[in-house]
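Labels run A, B and C following the written order; every chain starts at residue 1.
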């Protein structure tokens, strides 16, 4: 017994307690639910069986039912558009800003830091603000676009089926842009300055320097940023209830929000669990990309 | 070296997974001795020191400090002090707080701790710096604080882990003497890890040369210089390093003939196995240009480097032979010169086992 | 690059970019100060004709914002407390050792970091329902949100601990400290700033937490401000000056903290996020 207490004070026992407490907590509130989720996707869950652990086995019927839902393919397509559109916008704009702020001028770091306010704001508030900016009749974006002569008549961003998903994408790009920029800035700052000087002496112009020095040197950072972007986009939820609620007619619905709607608006927890298992597989894929691209940095 | 043993290591083993870092180390350190552990990086010298401190757990063997068995005893109960390579000064404490940290942990009364700090500051020349933070000190001053932090505890043993490697060359030479003087004044027992054989030779009473987790040889500095037990120790101790030339012992076993064109045989002054192949070890400072004895080597000069007080001549190419000539010389690159050596200064090694013959 | 006015031209462009990027925030404050008819003016006015801040008091009272914000503070405090207490020790151990087990632990943490809340909410809700935790909905939300926040916290704080030299802790051990003492009196004080920044970030994101609260907390008396906002927000909202005033009250504290601590937050993120 004395040996046990000594180990707590002086040995590995201390480490085991520290790491163990967190791991047990995470296992109980993240690991178990994950397993339970998979279990539920193979069960019949309704109001009567909600309180039981052992429910009638449903085989893959939940999966079949989900795929046969009329909105399934629409949601799949939207998820894809949302992920690709958000990531592309965040990455391209974020990279451009990172390169811009890598120039030396007074206040560069401070102004760049200001961009990060978007990242600390509650997603729901961001959604509310963009909902107002993107409003069809009185939204300020439409007035600006009309004033610039880009559009002739108002775009009903949130209620036009061909634009609704883009309304969420625009807000999501704004939300995630700054974080992309910050991570890419870190990568840019890590490139030794004398590499550029050497390339300049070798006769490379700014454009060639970007393609032959910046991009190759940033490869692992870009990999990490893209996979983090994928994960962040799949995690996005708050913008949907704030902007479109997935509508009109599911034209802006994505897997995460749909899963929540099935569980908490239609109380079909089995289907909700099934969709979220499908989504988890997608996330797993993204995180493998992420771990691969950061593996050497993990050991840092 | 007849004092009672302060540190006794018997059959110490240390494994990191499949890596065998320390192999059956036996070492006895008498009370009051200054022992240097020296060797190339990765030889296990730091691991051995950290095992003494209790920062690494050993996999086998017994370790005693002042007669008490220390296997598995946590660092805080060993009563040893350590000076780290990076000094490891607590950045959020002043010099005085750094010095008295161990006393405060032992719940020594405040006044007493303050008095001890003043005394130690006096001996290490830190008195005007007691209120400062580590970041406000120069490298040499930080080094002194690290020393003071060890001294104040009056420990059973001082452990030094390459304490001078972050200082510039001039300060390093100065601190060598200061540490040794401090050791003598305190009558302490010190174990000093370094990769610099000059530090080991100049500071220690007893030098332990390690390689790949084993002790190659231990003894007084001059024993190691005069009678290296192996080619490794011979090459490690002494600067510039010893030259090695393949050769053959003559038929009567009394002389040796280097296996180089133009080389002459040199008497050994002792008898070794007749006709056997050997590695001949010649220290650069023992080779004399011209000289009285018979020429042992005759080779073209490939480079001449003069420092003013010494001239370093590089001869031949395969293997390169380094010769140190005191004073100035008229030899130029391209000349062919003869060098000679006293018979007593010739070292012989077995080409296969690399042990001294 | 050699012309002397270039840096100032770049500064001007940077300010313009920042102005465009931060326009949505400006628009939130401006709209909240406009009258009910002015918000529907066409073309819209970029500065309110008659700025009127009365709406703030009105929204505060009508929307029972004091209750909502108080719940947000309680939830965010609970999440931060659990995350910091459990996450700090975990991050320390993960930073201190290198072995296959540590890699496995890190991998597990990274995996948990990527789980979307929308994947977790269904099993959490059903599970909480079974063990009766739904009767204490704020506690349930705190537990769920802490599990969501912890992986990110651990990854960032681990980077902070890695920047504390190992030798300092060893020196403390040799000086006579136990592992526990060295952790609390040497390592923790040196990592304090990094932990503080991460704790603030955790608090901020928990302060805006929505999906768990929306799904788990039914009683308006216990709901946080995010759920309160969603109550009058939807595709057909028209009460824009009130919504914007609510939003402004909600985010202004966060924005102030962020602006004050901006430098530290950014440097904490940059050192930790990619490592």
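Convention: contacts are C-beta pairs under 8 Å (C-beta built on N, C-alpha and C of every residue); 3 or more make two chains touch, one makes a residue touch a chain.
On a predicted model such as this, the values are computed, not experimentally measured, just so you know.
Participant: For chain C, which other chain has the most distant CA centre?
Facilitator: The most distant chain relative to chain C turns out to be B.
Participant: Across the interfaces A-B and B-C, which one involves more C-beta pairs in contact?
Facilitator: B-C
Participant: Where the centres are mean C-alpha positions, what is the separation of chain A from chain C, in Å?
Facilitator: Averaging C-alpha atoms per chain gives centres 15 Å apart.
Participant: Averaged over CA atoms, how far is the centre of chain B from the centre of chain C? Could you give it in whole Å?
Facilitator: About 55 Å, centre to centre.
Participant: Would you please write down the residue numbers of chain B that are in contact with two or more other chains?
Facilitator: 74, 76
Participant: Which chain A residues reach two or more other chains?
Facilitator: 9-11
Participant: Specify, in ascending order, the residues of chain C that touch 2 or more different other chains.
Facilitator: Where chain C meets two or more other chains at a single residue, that happens at 178-179.
Participant: Given the complex with chain B, which residues does chain A contribute to the contact?
Facilitator: Those in contact with chain B are residues 6, 9-11.
Participant: Taking the touch rule as given, give the residues of chain C at its contact with chain B in the complex, in rising order.
Facilitator: 165, 167-168, 170-179, 181, 186, 189-190
Participant: Can you tell me which positions in chain B touch chain A when the two form their complex?
Facilitator: Against chain A, the touching part of chain B is residues 74, 76.
Participant: Across the complex, what residues on chain A touch chain C?
Facilitator: It comes out as residues 8-11, 14-15, 17-19, 21-23, 25-26, 29-34, 36-37, 40, 45, 50-53, 97, 100-101, 103-118, 120-133, 135, 137-138, 140, 143, 147, 158-159, 174, 177-178, 182-183, 185-187, 221, 224, 231, 234-235, 237-238, 241-245, 247-248, 255-257, 259-260, 263-264, 269, 272-273, 276-277, 279-280, 283-284, 286-287, 290-291, 294, 297-300.
Participant: Chain C touches which residues of chain B in the complex?
Facilitator: Going through chain B, the ones touching chain C are 50, 53-55, 74-76, 78, 80-82, 84-86, 88, 90-92, 101-102, 105-106, 149, 153, 159.
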